[in-house]
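In the two assemblies presented below, chain A is common to both, partnered first by chain B and then by chain C.
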Partner chain A sequence: MLVADLVINGLIIGFLYALMAIGLSLIFGVLRIVNFAHGEFYMVGAYAYSLITLSSGISPWFALPLAFLAGSLVGLVSERLLVRPLYAGYANWGFMRDEYAVIVTFGLSLLLISLADKIIGPFSYRGPTLLPPSRIELGPFLLNGNRLLAAALGIAILAIAVGFVRYSYWGKQIQAVAQNRLGASLAGANVNVVSSLVFAISGGLAALAGALLAPFIAATPDVGLFPAVKSYVIVVLGGLGSIPGSIVASLLLGVVESLAAVYISYDYRDTFGLVVLILVLLFRPQGLFGQKGREV
Partner chain B sequence: MDTRRRLKLELRVAAFLLGIIALIPMVVSNDYWLGVLIVSMYFAMVATGWNILAGYTGQFSFAPATFGMLGAYVTGLAGFHFGLPAFAGIPAAVVVSAMIGFLLGRIVLRLHGPYLALTTLAFAEVVRAAISNSMTITRGDLGLNVEAIPVSRVGYYYFFLGALLLVVSMTFALLRSRAGLFLQAIRDDEIAASSRGVNVVTWKVVAFTLSAAIGGLAGALYAHFAQLISPELGLLSQSGMIVSMVVIGGMGSLVGPLAGAFLVYYLSEFLRDAGGYQHIVFALLVIIFARFFREGLWGFTRALTPVTAMPSGTAAAANSKSDGDRSISTARVVLPDASTSSPILGVETLSKSFGGLQAVKSVSFDVAEGEIVGLIGPNGSGKTTLLNILSGHYRADTGIVRLDGQAVQNARTNELAGKGLLRMFQLTRIFRRMSAFDNLMVAGRALGLDEGEAQRRANALLQDLGLTGVAHLDAGRLSGGQAKLVEFGCCFIVPPRVVLLDEPFAAIHPTIKDVMAKFILKRNALGQTFVIVSHDMPIIAELCTTAVCMNAGEVIAAGKTRDVLSNPLVIESYLGEEHDRTTHS
Partner chain C sequence: MKPTGFIRKSMRRAASLSFAALATILSGQAHEVQAADPIKIGVTLAMSPPGSVIQGTQLRDGLSIALKMINDQGGVLGRPVELIYEDTQGIPEKARAAAEKLITKDGVVAITGEHQSSSGLAAIEVAHRYHIPYLNSNAWSDAIRSKGYPEVFNPGNYNTRVALAVAEVMADLKLKRIVAIAEKTDYGIGLAELIRDLLKERSPGTEYSYITVDRAGKDFLPVILPLRANPPDAIVQLLLPPAAYIMINQLHEQGVAPSSKTWLYEASGVADYPDFWKNVQDAAKGMLTFGLYHPEMPLLPLGKSVATAYQAGTNRPLNRLMFQGADSLFLIVEAIKAAGSTKPDAMIAALQKTEWVGTRGTVTFSNEKGFKFQQWLNVPYVTLQVTKVNQPIDEMQLVQGPGKPLDPAKLTKAK
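And then the complex of A and B:
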């Protein structure tokens, strides 16, 4: 019974990891860069949710969309100022782009953390829960109602995000740019708008993850670090750029951590992801769902 | 500028900087400022190590501070639990850090792209979490007390300076050796590096291990200086500090990390006093330097050195005339009789598919030694895929490739290059941030030439190809045709057995095409074998004794070039007429 309990709790946290990871995967899929400031989008969401509800007293339900907006805005501005030079009129950047992208997004991460530390301060802010504390009996299982609600919202948001990318007009443009940037631009897709959109969605989703977890993990300047590290593990596990892969890997990581924390060691719960990652890299370097690409 | 000359200049500047640092205790006796300089030297060591990896090899690790922390904990724990003294603990720290770096590198460095950055970031956070949670062993966040070395602060100062001197001179020695060429080649283009014979994974692991060892040394020294260590040593912001030192000072130079470390650390002490703005300022500076001044502060001095003007392609034509107009007919006479000699390259029932697309279907043919074979066929017929299998970039699904009778279908690209099978890519692959001369040196040293011999041959080749005037320019500044000539030249610095050329004549000026064609005939007269993929039929007819034509992944005709070109199937496949596919299967 304990095992089933742990698996369910692992899945709950896994769906929230997935919110982080698919944004990262989306950016990589479309722009071929890894955003090392992803954890800070999460941090922005966690702060937005906690500070708005704590200072104005509005319902946390209204704070959720505001957190999404804050994350999207930061994503949008980051893309516009720092990422766009990679593909807008810098033809000879081809052999520099990976280095630039790594350094500049890492610099952005440090900047956002230190700005939060300076402006908001190093204190932690825990956001209010969406519902009064409750226990929900689900068959034989007794679950924390707020965690279950966060996971349910996470699933709903994931479904909306995946549906948007799959089926909407703009989602199809995103897919086109992901496959062939130049080709898509020749076919009339607005690649700049698509890139901004991808960063806005990615920032918004990460911020929502931060907001949904803010009642459980209080917002601090470096609160995004562990969620980010976990989403890096997840996207490598799931195969860089694969959204279904990211979702499956998120759930897997959630369950593995939840089980290992009880059966192996609680203190080292954050290290098991790396162990899984190293095993996967040893035996299946392209990730669980990634495809070996053509290199030459 | 050539790596060598650049490095010599950087060594002088680095020696000057270190000289100034050596003199400082004569004028400054304030313990606080000496302490600041000692910590700067810790950072300078770690930054130099990280620069070998990121600046020279292009591999971004986000764990430089983590290896410093590991080194500190190795000597700290050995002293705390087993009473090991510093003179044994410090070497142990170097060895353990190097071993961890080696193991992590072996796992991660087989992969390209952002995997290293992602995995090292996860590694950094996980190691830090593990140390801070292992209360009973490491005393967690409380920190671990470490024995002091019984010397004065000035004693520590010269101790650190000695270690820094060691690290800088080791780095210089590494970069001055062939490793320096290989690491930079890997940074600029891994695939091209392996095609020139460089063992990419091994050299990346060497760089990673060395960088970890340097981090371990610096961390161990720091532990004995600070006498209290905590997991905070491995904070991401510490790694961020190291990255900003290198980016601001100048990546990929010997001076950059040194200057950056002293400047940034001094500034951070200053800004901390001025209200704690140091992290914001450095994060901003990293972004600004990455965006606008990619070569850092050291790059400003480089920008002052003049660049020689680039001669145009006509120099190439003029030069090629001088080395004797060996006519095509005389070259042909020397050709060994293809029908009697044993095949140098044999391809047997080779197949390769990508998902549902079968790109190469059961292809078989032989190339006799001394032949020039034209590989032709419409776009998408599988020529480049076949070439990629032959050069070891792809694994065939089934089938055998023999080089000199030896099965090589599972050999890696750099092993094949070592056996004399070299290749040129359709889209030019050169090392853009190295000079044309150094591009040739990479190939020469990777294939086992010693320094002097490689230099001599590189110069001779540059002369032959008409590139002497641009030999010392960064290859990224060459014209498309000149860049192609550089890549072409790399195949010949050691006499090759077989050269695979993928569209060598596409999109280049006729004079350069002429230089290449003449060069091919000249080398062929010496017995070197060529396989040339081209859509340029007149030049195929002129150069190639035999030809192989592919269509839809299959060989549809092979034999004397004249016969192949007049084969109705070949004509049909090019002109796209309807024909019954069963007739040629």
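And then the complex of A and C:
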């Protein structure tokens, strides 16, 4: 029975991992940038949700879209001010392109952490739960109602995000830019708007993950470290830029961590994901759902 | 008319005397400037994550109050006192670098303020190498004492004291199976092992085990779910915030503790942190907690003055770390006063002989070896039970007063 308990809780946390990671995957898939500030988009959402509900007393259900907006806004501004120069001088960047992206997003991460620490302070803020505290008994299993709800909302948001990218007008433009930025531009796609949109969606999704988890993991300036590390593992494991790959990798990571922490050792919990990652990369260097290819 | 030889000699003598007088005046002025120079004391504490910034803030509050009180009374040896702060982030490497910088660059005469054991253990090595007095405000690890460094003095709480309190409560409750959940640090592991040793003495039939978790951990369910499947009689919580809050919430969320079957004993003293109730609501109801401050504990006149100054300056309730910070600085200043100098040997000798009436008791330092070395042994403590949500520390149920046994009649079992 403990095994089933651990698998169920692993899947629940896995869906929330997926919500954290999908934005990172999207940015890499479309813009070929590893965003080191992704964890801080999560932090923005956790703070926005907690502080809005605690200070204004409004329903946490209203705070969820506000957290999404806050994350999107930070994503949008970051792209416009820091990432856009990367494309403005695209042809001249040469080998410095990747270094610029790493340094600028890493710097953004440190800036956002420091701003949170100085403006909001070091104290942690736990957001209110969406439902009154509840435990759901399903036969021998005892599930926390709010965790279950967070996972269900996570699934719904993932479905909407995937649907948007697959079927909407702007989603098709995103796909076009992901395939070939220059080609998409020549075909009439507004690549700058697409870049901004990708960062806004990515920031919004990470912020929503932060908001949904804020009742369980309180907002602190450094709360973004945990989702950032998990997201990097998930994105590489699932295949760089693959959204379905990220979702499968998230669920796999959640379940493996949950089981191995009990049956092997909790001390190495965070390393199990890395072990799985190394094993997968040994046999499938492109990740679970990534595509083999080379740049010419 | 040319000056005669006598006149020439007299003029030379007069000029020499003038120079001598001028030099004396200038050197006197220089000496006065030196006497007015502040006495620098270094402070290492966590002012940013991942260290416990809350602890750092509370200690800093106490140090600031003591500094103002000292300087308002003319400082020490006719010189003002200046504190130089260094942020360690609770990271041992940074604590070591901070101590090195304070001693070699800033020229501090003593260091104080530490509140995280791993950082304290790193910094005392530097203080020992340079032979600079080190007042450990709140790092509980016994290893800090057991090193036997003559420079290190410990007016704050220590792990054995907490372990003893936990073991006494568990023995008084006659519990059969206890599990401790400790953060994977010198503090957490040290305390978990001490509880094991003391429980063997005080309650030999009790089964005890401990689990270590990462202090940066966010999801503890893999640790909690096996406890739900096989609940112990008590869980002892040995993590610092924010991990402590996450753990307490997740234990409650899964219905593990506090419950009708399982006591929750919070041994890190986090219930008096300013953000405790923002982060832990229903989850804390019924919890037992180790405390180093409660209004029923007697405050001495100095303690009352510090408390008044703190409440005038902040809206926060009184807390033990603020008193500990103030005590640490007062002790250094008392040592300088008693030694009549800031020379390390004289200050260390003065501290070893200290019998100083502080905020909460008379501080003396033991010279026994091991964890008692240069430790104030009689740090007062209490055991409290949380009976309501949002309950301030002074309204929590006092179930064990300072120096008294647990009173089971005052305990309420969670439903």
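One rule holds in what follows: the second predicted complex is superposed on the first by the 288 of 296 C-alpha atoms of A that agree within 3 Å, B and C clash if a C-alpha of one lies under 4 Å from a C-alpha of the other, contacts with A are read in each partner's own complex, and residues count from 1 in each chain.
In this text, a contact is a pair of C-beta atoms (placed from the backbone, for glycine too) under 8 Å apart; a residue touches a chain by one contact, two chains touch by 3 or more.
Keep in mind that this is a model prediction, so the values were computed, not measured.
Looking at the superposed three-chain arrangement on chain A, would you call chain B and chain C a clash or a fit?
clash
Is A:226 contacted by the first partner chain B, the second partner chain C, both or neither?
both
Quick one: is A:281 in contact with chain B, with chain C, with both, or with neither? Answer first, second, both or neither.
first
Applying the document's definition of touch, where does A:103 land relative to chain B and chain C: first, second, both, or neither?
first
Taking the superposition on A as described, I'd like to know which of chain B and chain C A:240 touches: first, second, both or neither.
first
Determine, under the contact definition given at the top, whether A:271 touches first (chain B), second (chain C), both, or neither.
Only chain B; A:271 stays clear of chain C.
Look at the residues of chain A and decide whether chain B or chain C touches more of them.
Result: the larger residue contact count on chain A belongs to B.
Looking at A:117 after the superposition, I want to know if it touches chain B, chain C, both of them or none. Which is it: first, second, both, neither?
both
Of the stretches 27-35, 117-125 or 243-251, which one in chain C hits chain B?
117-125
In the superposed view, which residues of chain A touch chain B and also chain C?
Common to the two interfaces on chain A: residues 113, 117, 222, 225-226, 267, 270.
So in the complex, which bits of chain C are touching chain A?
These residues of chain C touch chain A: 47-50, 53-54, 56-57, 184, 211-214, 216-219, 221-223, 225-226, 228-229, 241-242, 245-246, 249-250, 253-255, 274-275, 278-280, 282.
Under the stated contact criterion, what part of chain A meets chain C in this complex?
1-2, 5-6, 9, 13, 54, 113, 117, 122-126, 133, 135, 142, 144, 146-147, 216-218, 220-223, 225-226, 257-258, 261-262, 266-267, 269-270
Quick one: which bits of chain B touch chain A in the complex? Just the residue numbers, please.
Listed in rising order, the residues are 58, 60, 62, 107-108, 110-115, 117-119, 121-123, 125-126, 129-130, 133-134, 188-189, 191, 236-237, 240, 243-244, 247, 276-277, 279-280, 282-284, 286-287, 290-291, 294, 354, 384, 388, 393-394, 425, 432-433, 476.
Considering the complex alone, what residue numbers of chain A touch chain B?
Residue list for chain A touching chain B: 28, 33-34, 36, 82, 85, 92, 95-96, 98-100, 102-104, 106-108, 110-111, 113-115, 117-118, 222, 225-226, 229, 232-233, 235-236, 240, 267-268, 270-271, 273-274, 277-278, 281-282, 285, 294-296.
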